[in-house]
Every structure is written in C-alpha cells, then in structure tokens.
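I have placed the structure first, in the form of structure tokens, so that the comments after it can refer back to it.
Chain lettering (A, B, C, D, E and F) follows the sequence in which the chains are written, and residue indices restart at 1 in each chain.
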C-alpha cells in the first residue's frame, strides 16, 4: 500500500513536470505535483513504521508556516531569490537526513552506503550554502558583480580532492572525516556561486535546483536498504528533478546565449542592461522574440505601427505573415499609419500594399488613436519619431506639437529596432523606458521571422 | 555483471528508438538498438546459468538464416508484410516462453504468475495469428477488403469472456484451461484483423508491434521471479516497445486522419486509391504534405510551376514563403512560367510580382525546359494543361503540338490541385499517374501553408 | 544495494530528460520553482529520520522536516502565484 | 512479485511514451520495424526456456529461440535496408 | 515563297506586321521577304534593321503587291490597296467581317485568300497565334495607364501629413482578355478594382486577380455563347444589369469598358444619364469604341469631355505601344504562317486552326459567318 | 480676419488654394472667407460647394484684393495682381525667390507680408504644412504614369504565348520627395527601377523602396548642403557622375529627373549626346524643367521629340491631378495659417516655422537668401 502510494506520487510528479512545461497546463501541473507530494507525505506518516507523529506534526507546521509566509508576502520581483532560498532548504534537508543516517550506521557501513552518504551530504550542503549566496546576490546583500580572485578554480579543485580523501578515510576516521566533508562542501557551495555575476543567477539557481534533486536521489540510495520503498521514491523523484533541472538549465543557458561551462567557470556574467546612448539614461527592458511571442499569444487586439525601419529592413512581407498568423488565432490586428512615417508621403502605404495588406486594415492617425486604449499590444516596428511622447509633453522638444500615435496608451508596447539610436528628428525617445514598454532589438525582418517561428512553437 | 549488461542493453534500446525517430540519426539508431540486442543475447548465453549452448546455437542460426534471407530477398514494396510476419514471430516467441513457463510451474503458481502467463500467452498468440492475417492481406493472399459479418464484435466479446473464465479456472483445470486460452487467443487475433481494410494495415501492424512488446513485458513478469534480471530486462524493453509502439500507432492514425478506435472497430478502411474521374483510369499516389515535406527536404534543385489554380487560390504569398524557406536551406528554387498558364497573357507574372518574387527567378519555357532534367523536384501548383505530356505525344489530343513544361523529366513531380478534374482544355492528364508523380490534394494556399509548417518541423 | 535500484535511477533520469522539451522562457522560473518544490521529496527521508535513535539523529530529523517543509510548501505556493500571472483574462 | 518490478514497468512505459515525439511519416515504417526487432528481446526468455526440464518445455524453448531470432535478425536487417533508402546523395 | 510586308496606311496605326526577328526566321525557312520602305518607322525599327535581317527594302508598295505570294499586314486592305494586290495572293491580317463586308466581292473577284488573325480559334493550342489576345492585353493594360492619366486623383491609397487620399475606384466592364489585363494593372497601381461580366465563369478569373466581381443574379449561363465568347442577353437581364451598373458607377473614378460580342455591335452598358451621374473628374475608357462603344456617348478615336467626365474612345491603344505590340503581333503572325505552311500539306482544311482562320480560299468563301453576311448583303 | 481666395490665372494652373473643407474650418475659427467665382472649376469644385461651406462668392477679383487681410493663392502674384492687392495685406502662396525677384520691390513698396509655402522649413513638425512635399509627391507619381504612357512598351515583365516582354527600365535622377514617389510608383507598375542622387543618405531610402541605387564613388558627403537639401558638387564628382549616367542611360526606357538645388538653376545631368545614345521610343520626364531642366534639351511646359526620344518638360504635373493636389495644398496652407495665427502671439518670429516661411514682414525683408538676392540685384 505504501509502495503504491509512492508510485502514484512519482507518477504525479512526472505528469506535473510535463504539464509545467506548457503554458496552458502549467498551473494544473503544479497542483498535480503538490498532490503527489501530499500523497507521499501521508503515506510516510500514516502508513510507515511507528513514528513520533507529534514531533513530526510540529516540525511540519513550523516549516509550512515559514514557507507559506514567504511565498505569500514576498513581492513578485523577489521571486527568484525566494526560489533560491527554498531550494537551499531542500538541499539542507537532504544533507541532514544523510547526516542522521550516517550517525545511525556510523563508519561501519558498506562501500555503497558511504559513497551515497558522502554524495548526499556533499551535494546537499553545497546546494544549501550556494543557494544562500545566490539569494544574497539577488537580494542585493552581496555584490552582484562577479567576485573573483586568483587561484579560485585551483582552490575549488583542492577542496574537492580533500573531500575525496576524507571520504576514502571515513572507515578509518569516522566522524572527523565526515565533518571535514560537511564543512568543505559548505565552503565549496559558497566558492562556486560567488564568482558568478548577477545576470547569470537564474541559471545558477536552476543548476542548484537540479543539484538538490540529485541530493534527494542520493539520500534515496542511502535509505534504500533500510526503507526500500521510501528510498525508491526518493531516487525516482530526486533523479527526475535532477535530470529535468539539468535540461532546464541548459535551455536557459541557450536562451541567454551562454554555455553552461561558461556560466560556471567563466565568471563573466556582467550586467545586460541597455543604455540609451547619449542624453538621459533610460532604463529599458530587452526581451527575446520568444518572450515577445508569449505576450502576443495572450493578446487579443494588436496594433502594428510600421516606421521607416520596416522599409529599410524590407520586412513588409514578414509583418504580413506574422499578422496573418495572429489573425488566424482569432486576434484582431490593425495597422496604424502615421502620416509622416517613413521618408516620403505615403511610404508606409507603398510598403504595405506591396505585401498585399488590405486597405481596410490600415488606419490613419485619427482613426487609430482612440483604439490604443483598449489594445493589448502595440508593436512598433522600426518607427521612432512618430511614437515619441515628447511631441505631446515636452515643450522643448523639436517635435513638440506634432500629433503622434499614442502607442503608450496600449497595455504593452513592443518596440523593435536595431539599436538605441535616434530617428530622423534626432531626438531621444523616452517611450523606450516606459513601464509598459519592451524592446526587442534586431533588424525588423530577422526579428519578425524569428517571432513567427516562436509563435508557431508555443 | 549480467544485470549490468541488461541495463546497458536497455539503454541502447532507449537511445536506439529515440534516434530512429529522427531522419538524420535513424540508421545509427537501428545499429545501436541491434547492438543492445547483441549485448543482451551474449549476456544471457555466456553469463547466465548453465545452458545447452549447442542447442541454442542451432536454433539461433536457423532463426538468423531465415530472418536474414527474407530481409535481403524481399522486394522493397513487400516490406510492410515482412515486418508484419517478423512481428508475428516475436509475439509467438513470447507466447511459447510463457507456455513453457506454465509447463514448468503448472497450475500451482501464484495469482500474479497466472495473470502474467495468461496475458503473455493471450497477447503473444493474438499477435502471432493477427500478424499472419495482416501479412496475408498485404501479400494479397487474403482479400484486402474488410471482411465483416454480423455479430462480429459480439463474437469477439464472447471469446474474451470465455478466456477470462478459463484463466480464472486455471487453478482448477490447469492445462485444459490453458489450451482453451491458447486456441481462443489465436482465433481472436484472426478475428480482430480480418475486418480491417488493406489501407489501414500499416496501423494494424504498428498496433500488433506494440502488442508484441507488451507480450514480451508480460513474459518478463513471468520470468522475474525465477530470473530477476532477465525478467527486468524483458519488462523494460517490452514495455518500452509497447508504449512507443502505441504512440507510433496513434501518430500514424492521425497522419491518416483516422482514429484508432475507428481502425480497430470501424472496419471501414476501404481503398484510398484515386480514380481519374472519366476516361482512362490512372493510378495515382496521394501524399500528405508531411511526406511531401520530406521530399523537399532531400531535394537540392526545385522548380515551381504555377498555374491558374495558384491564382484561384490566391496562394502567391504562400508560395513565396515556401520558396524562401527552401532557399534559406541552401536549395535552388526557380519558377517556370508557361506562356499560357493562367487565364490571361502574363497572368503568372502579375501574380508572382504581387508577392514580390524577383524577376530573376522567373524563367520562361525555353529557358527552363532544359533545367528539368537535373532538377530534383518539380512542384506543379494548380497547373494542368501546361504540363500535360499529351501535348508532346498524343496526336489525338486537342493540345497536341503545344509546347509544354517538361516537368515529367524531373526526378520527382509533386502536383497540387484540389481534385482530379481537368483544366481549361478539358483533357485528362496522364502525368498524374506517372511513376515519378505524386499528388498532394487540396487548395493550393492551404496546402502550401501546411507544407511550410511541416517543413519547419522536420 | 541492488541493480534494480540503479535501473530505477537510470529510468527516472531518462524520464526527467525527456519530459522537459521546449519550455518558453516565461515558464523557466515557474518550472524551476515547481521542480524545486518536488525536490522537497527529501521530506520522506526527513520524516523517517526523526525515528532514528539518539537525540542528535532525531533533532537532525526534526530540523530536516522543517527545512523540507519550507521547500515543499513555499515552493508549490510561490509557483502557483507565479503561474496565476499568466492566466488569460 | 515486487512493487519495484511494477515501478520499473511504469517508468519504462513513461520513457517509451516520451521518446517518440514527432516522427515524419516516411519514418513510420522503419521505426515500426526497428521497434519490432527490439520486441524480439523475448529471445532472452526463449534462451532461458531451453533450460526448462522436460522435453516439451525444452523444445518449446528451441522453437521460441528460432522465432525470436527471426524477429531480431530479420527485423534489424530489414530496418537497415529501409533506412538506407533515405540516405542523401 | 515571296512574302511582302507593307507599311500600314491607317491614320493612327503605328504597328508593323513583322519584326526583323520574324524576317530572319522566314528567311531561314527559305522564303524571301520584301518590305516597304519605312514600314517599321513608327515602331522605332529602321530600314537598316530590316536590311540586316535579310529583307529587301523596296521604295513603293506597288512592287510588293506585284511580287508577293503572301502579304503580311496588321489591318485589312483599303480600297487603294485592294486595287493594287495581285490576283490569287494570300493576305494575313486582322479581318473583322462586319467592317470589311463591302470589300468582300472584290477579294473574291481577285481570288484572294484571306487568313484572318481575328478568326484564329481561341483554343489552347492556337494561343501563340492569338493576336486578338496579345493586342487586347495591350489595350487593357494601356487603358489603365491613360485612365490614371485622365483623372485628377491618385490611384493608390496614401496617408500623408496633409491628409489621407482614398484609393481610386476602377470598374471594368467585360472581363475578357482586355478586361483582365486592365484589372491586373489597375490592381497593381493600387486602385480598388471592381469588375463585371455577363459570363459567370469569369468571376473566378476576376477573383484570381484579386478584384471584386459584381454579380447580376440570373440564370447562370445567360451570357455564354459559342466558343467561350459572349452572346446577347435577355431583356430582363439587361435591365438588372443596367440597374447594377447604374448604382456602381456613381462611386467610380475610372471605368474601363471592354464588352464585346463577336461580329455584333458592342452592347451599350452606360447611357448618358449614367455618365452624368458620375463624379466630375472621372474618366471612361471605352475599348469597345470601334464597335460602337459600350458608352452611348463614346466617339470612336476621340477623347471627349461630357459634363466634366472624360470619355476616351481611342481604338488604337495597341498602336500607342507599337514596339511591344508589333513584336507580339509579328510573332502571332509568324506562328500562324508557320503552322499552316510549315508542313507537307499547306492549307490543310482538316486542321482546326487553318480552317478557322481561312475566310476566303482563293476567292472561295470558307466561313459560315462570312457566308451569312454575304447572304444578308445580297438580300 | 477676412481671407480671400483667388482663381489662379496661370495658363496651366488648375489648382485652387482652398477646398470647401478648409473654408469650413476657417469660418469655424471665426474668420470670413471671400472667394472668386469659378475658382474651383478646374479642380471640379463648383461655386455652390463653396457657398455651402460658407464662403462668399464674388464676381471680380478686385473685390477680393480690396477686402482681404490675407490672400491664399497657389502661385505668387503676377504684375496685374500685384497692382490690385491692397497695401499691407498678407499673401500665402508658393514663392521661389529667384523667379520673383523682379517683383520684390513692389511687394516691399506695398508693405505686403509674404508667407512662402516654398520656404516652410523641412522639419518633422512642419510636415503637414509642407506643400513642396505634397506637390512633389504628386509630380513624382504622375511622372511615372505619363512615362508609361509615352513609351511604346509595357512596364512589367510579361511571359505570354507570343513571347516574353522584358520589364521596362526606369531611372530616377534625384531621389528627393518627387524622386522617391516616382520610384515607388514605377516599382509598383512592375518596372525595374534604378535611382541616383548626390546625397548618399538617400541610398538607404531608395533601397527601402526596393529600387537599386547607382553610386558614384566619392567623398561621402559631397552633395549634402544645408537643411537636408543638395548643394552643388565638385567638378571631379560631376565628371564621374556624367560618366555613370551616360553608361546607365543607354539601357533605360524612362528617365525621370528631379534633381534640384534650392534657388539655383537645376544641374544639367543629361546632355544632347546622352539623349541621342538612348534607345528610340524612350522618354525623359524632366521634373526640373521649371528650373531649367536636368536635360539640356528640355523645353519647359513642352513635350518634344528629339530623334525619337520624347522629352516631357511639363512643369504643371500637380495641376493635372488638381483634385488631390488642391486638397493637399489647401490643407498645407490651412495648417500653416493655423500654426501662425491660432495662438496668442501671431507672427511670432521666435517660431522656427513662422520665421522660416516669412519672407517679407509688412514690406520688411525677413530672409537671408532674399536679402542676398536683393543685394545682388542692387549691384
């Protein structure tokens, strides 16, 4: 019965993870996974050998309250560090369990057990300390800059070797060896994370997350002799998380255009914030086309704002393809044609007519401006001056007074251009730094083609 | 050691299957899987308990010779029935092993064992007989028409119930029950396959294939007590094949636009051969866009032949998108413009110019005709009269003497139109039935959009 | 120690590798957080550890249960919170 | 009979389901044929069956080996033959 | 054979029946070619070009009429030319029976053979000889250009700092070869294009060019005559059609009308009141002018202004594009010539194309419609 | 204020400076409007349309000159009009200094204020008042239409049963507003389009319209003058440019030249020998004709034929599209008027746009170039 429960909970985890990786099923996936956990816990407590239920209940309540408190209280922007710290506790728990198992068996264990315990403690503790450092970096408690010093990698290597020797010595030195391993693992966790820059933190957290899974699996190997079914459950779930976490880490690395090795050993993760070139600093958010695709997917009304850049990129066909794809998904797509967009009167008309975009979809300034307010996404493609809010508000601006397309009124504004350079009028555009603005850099045609393929993959 | 070998061979199978499902790695995947098999056999023979190696060797040699002989001799077109028959032998083997295990334990086995043996025999035998029927149908020994009679499903149900009862009775009646199950399973296999039409055979074979995997897994359950590691190996590999076979069956059903239930119980799988409407019967091959996509993927030089149908479908943009995708893959794409394609002079020019296809890519009749000979794929999109070889050869044809585009000289001709209807001149087109011709039916625009997404998925 | 244990381990690793295929970037964090919560399965070990003789072992188990529980409860809840954001109107 | 056996079974089923994702139609037949060859793993059982006491059991095992071998050898070879066709120039 | 090429004498005619390329081909086929001096001038082909191609330039057309076995022309012979042509020779040119019927007796007298470019059957095989198509296509194309020139508006939509310009609306009446060409080019230029025709099959063709088809509800094959041409339609249909066109016309900036029924006067689709209902500044290009016009007010070969509506009745649009028009025409003529004479059995009356285009065979009537016309004349 | 609108007296002028819509807006802003009878006729606007918009129709222009505070026109005043205009009034119209310099003393004498549409700065903000742009765009567009009409060939590629027609080649010299419009429309019509300009920034703009840019190798900013306009270029550059144009021109079917340098005669880019090297039947549309033309042979407002090359020097192309041209122009004028007079401080000389377009302020010179010209005249 208890075995079956574990099996069921493992199946829940597998399904849960599978569903978590698709936008539409993600939330249910999480619920299924937590259900699996509930089953596992209940099975262990009620069906297992006789336990001190009261103590366990107290511990569980304490843990639940702490976990729930932070999960609810913490701000959205602090999620990543929260995940990091939770993860650290998970690793810590594995290390503790392994420790207590070690205390139980002492150094008279089998080779297999010693290896398992050592790995479990090593990885668990490393995850624990590493996660705290990651937390500190994300929370701003520790410098987000990569902290490096000469011989860092060498030191890590030496630590690893010492631990290896200590593990080998366990049959001889017992607890002393064990403590050595415990302490050095903690140190290694710190040393491994500290040289990694703030921007690479998400990858590190994901990696640590994978580690905590592996730690659980190792704990499973430790337990499997005394408690075979619980051991198996830990092995399955732990290795599941370990493996999927590894894949996820790799996907994330690819998404950030970094290799995993690079993240771990490179210590080069600097800041990726864009600066506006000259003049006022604007704080911009640069998104990938994949992320932009997610936004489009959730939108219902989309207004496309073509500009001179679209013509330069000769992206008229690409934009039509994207628009048609979105329309096929039942979304409404309109084109907002600013009277002076481009470099000649009617430039955008010529351009879009070439791509056979029907006249009915083209709206001029007066028609479209009221529409931005209930539009989910305004996509600015290689336009700049014609969407510059300075024309409305900044009396000193050379374009003050020109009617513009009020894209900033849209829920989200996605702006595509190649750089932070100015447009024809040579003025900065503070739109790019607005809260609801997102930049997607790149040549308009390339970006749209990429976007289309990302949209199709959703 | 023997356990480890089995584990390795299981890993080989997993990897092998994974690689088999991608065009580029498929062949290596097959080799890896066969390597896994080799490891498993060697492990069993040399590392297992003491066996009568001579006898085993003789049996293996006989089996190998038979298998190899057919695998080499049989013609390409007969592959499917070969797979069917091989598969039958696999199922048979499982059933035989289960039988001999039953003989060994007699009816004094545990519940679990009885269930395992029953299932193993049932599925194995069913696979065996079913595969032979499938073979017969494909080979033309048995009518490919669905053979149905009233109460067929009822009969199957009764058989199943009898077997259930027989299985329940095993502890009481022993061998008699067992033989009942054996015989009835064989009968059931025949009854299940006989009502299925020739066109659905591939799905059936895939399903039987999945069954033979399941049979192996069941045999594994039978063996697991006496030979745990061999049992586990059978369970892993068997369930692997069983599950992946099931998925494959489903994919194939989807590809053929049939539901699995429909295939098994519908008994409606008629012929899907197209007939040319009136006049001479031509024997055509109708492909899906997915299959067409595979052909494009392998091609290097592609000539697109647009016709009136392309204009009717307003598919000019779609064709450009497909062409651009293929060009990005490094393929050469040209357009062959027949002087009278369409319904007005220059119709195709107007059409393609609208999609901004550059003039350089458009070739007229005299320029393009010599190019067909070293072209991998000629794609005829809604053209008919202008590619009708009767104009070259059939003196009685009203279009005899008109110069045509010699698409039939291309290695493969893919023809898209909606039906087998004639074109403007109202004459049949025997090109559609040529050996190197493939029809992809559907509206040109829809088809091209589908094709593009299939191309991207390759 | 048994080969079946290793077999199970390897099969589970395979499943883990296979089920995560294409994840859109916006799901990276929730997925990470969700699988992090699953790695709190160490709770099972922790609960069992409370049963170990000797004070130290028991207290270690106690703390381990707290730790694991933080991971599990916090992890699932925060994941859910994140995912709620993606829900369409 | 053991829960681990079932666990292994289920994990293997998961792996089986997951590894076959999108298969282009032209690979359907080879893939079918290849996995068919793998289901010849019954050969292991067949070989062991030859060891069973009693003539019938042994001969059944003998035939089973032949059958399974046909499946294995024929299956892999024919798959390879099919796949050779897809090789690019 | 000796093949003669003449300078066209008609007022607005700029085409020539053979290009130097064609002449090269004729000479390669061992014919000899004589050509009147200056025949190519208006198509921007100099006599030296012809000379280089191998033709003999002769000063006077008399020589050509005297020496040639076959005469290639664009237009049929006028009275003067008919005088000069040698008995028994063959003429290849356009030839509308209803316009030439008065001269037929003289052709017959002189035992002339007439291969009419206007009567080449409209079959798939004959398309490369189909000069009606090639020239109609030019006319349709050019009609949109002059239409765009006539109106005082832009064709495409334009959103500029000084306001949005709406696209011009163009209506094509009669979507045969010329109509389709007009649709295609007007679409290209950015206008909103509507089209109308009596033959319902045309709907698909119109839509295949991206234009809107305006439909009269009716018995579906009302307007379909023999050989894919249109025939005259019922009174009821005519009324519905007039109503529809009347409604549509008010919004149009350009109307290009091409409706024709073979060997009959063109149907009147636009009457005076309809013209007056149009917006000032609009234009009608009436390609049916030579057959009386689809507009009541059309004057053949004139551009008139009726209450601020321009009505362009020029029938010689192909001549305004003489370079391409001559090239296409000469290829058509050569292809017909080649089809007929480049086999063992010249003038094989079994052959659909030869038989169809041969109106007179050495003075003998070889065409039903022609015979009908002659019979009518005689009554 | 009383605003007067006149009928344009120039021979080829069909535009009018205010549309009924504009008049409605003026009246809404509490001005009163008087308009000369028949002012809108050539733009197909009847007097009753104006009346309905709220304007007073007056029979004679004298009344308008006497009563109006501000006069809206397309063209500057001719001698007769200059006589009639009341002292101290304001004129808004196009105004090319070099052409009007002889009349300046009289403007000064009469203390006229001139707001020149030709001198509205080309800034982003001023685009809706930029009549040079709106009218150049028309000219460029129309040039391709008349080019297509002049040549005796098709514009697009055509593969027909009677052979393949190659697309026409069009060369645009000078890719300013007019040039870009010409490129866009010629591309649309299916021609192969090449363009050339001295300002290298234009390359990207030309390519953004899908045409090919022909480049002269040189110091990259050679031709860039003040305010985005072109300036005169070095002799060496001129030679290279001539060479390049000479080579290119031979293959072209249509040349549309728009090269201008503000307040200077247009640069000669095509000389006689180059014209003669072109293929017979080709056409040159010289949009710079009014400033002397980019072609040596151009005659302003005439269409001439030089050795079978048509050279079209019509300077009044916007007038041939009077409906749209007037609409755009009147919006430009209104926007400028509104910009200047619709605030607390009319004629605010701090304002870039006001200051830029104001040539004379109650007879006082308010423009550097104008001052230079006057100084030159006086020497």
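Assume a residue touches a chain if its C-beta (ideal position, glycine included) is under 8 Å from a C-beta of that chain, and two chains touch if they have at least 3 such contacts.
Everything quoted here is computed from the prediction, not taken from an experiment.
J.: Any chains in contact with both chain A and chain E?
T.: Touching chain A and chain E alike, sorted by label: B, F.
J.: Taking contacts as defined above, which has more of them, A-D or B-D?
T.: Greater number of contacting C-beta pairs: B-D.
J.: For the homomeric pair chain A and chain B, should the interface be classed as same or different, according to whether the shared residue numbers exceed half of all numbers used?
T.: Shared-number fraction above one half, so same.
J.: Tell me which chain's centre, taken as the mean of its C-alpha atoms, is farthest from chain B.
T.: The most remote chain is F.
J.: Looking at CA centres, what chain is most distant from chain C?
T.: Relative to chain C, the chain whose C-alpha centre sits farthest away is E.
J.: Rounded to a whole Å, what is the gap between the Cα centroids of chain A and chain F?
T.: Taking the mean C-alpha position of each chain, the two centres sit 57 Å apart.
J.: Could you work out how far the Cα centre of chain A sits from that of chain B, in whole Å?
T.: A distance of 40 Å separates the two centres.
J.: Quick check: how many Å separate the C-alpha centres of chain D and chain E?
T.: The separation of the two C-alpha centroids amounts to 74 Å.
J.: Determine the centre-to-centre distance between chain C and chain E, using the mean Cα coordinates as centres, and give it in whole Å.
T.: 82
J.: What parts of chain A, by residue number, touch at least two of the other chains?
T.: Answer for chain A, listing residues that touch two or more other chains: 10, 14, 232, 236, 339-340, 345-346, 350, 353-354, 356.
J.: By residue number and range, which residues of chain F touch two or more other chains?
T.: 127-128, 133-134, 137, 156, 158, 160-163, 165, 188, 190, 210
J.: Two or more other chains in contact with one residue: find those residues in chain C.
T.: Within chain C, residues 4, 7-8, 11-12, 14-15, 19, 21 contact more than one other chain.
J.: How do the chains pair up in terms of touching? List each pair.
T.: A-B, A-C, A-D, A-E, A-F, B-C, B-D, B-E, B-F, C-D, E-F
J.: Can you list the chain A residues touching chain D in their complex?
T.: 3-4, 7, 10-11, 14, 228-229, 232, 236
J.: Considering the complex alone, what residue numbers of chain B touch chain E?
T.: It comes out as residues 308, 311-312, 314, 339-340, 342-347, 350-351, 353-354, 385, 398-402, 424-425.
J.: Quick one: which bits of chain A touch chain B in the complex? Just the residue numbers, please.
T.: Per the stated touch rule, the residues are 317, 320-321, 354-356, 453, 456.
J.: Where on chain D does chain C make contact in their complex?
T.: Residue list for chain D touching chain C: 4, 7-8, 11-12, 14-15, 18-19, 21.
J.: Going by the contact rule set out above, which residues of chain F touch chain B in the complex?
T.: Spelled out, the residues of chain F in touch with chain B are 156-165, 167, 190, 192, 210.
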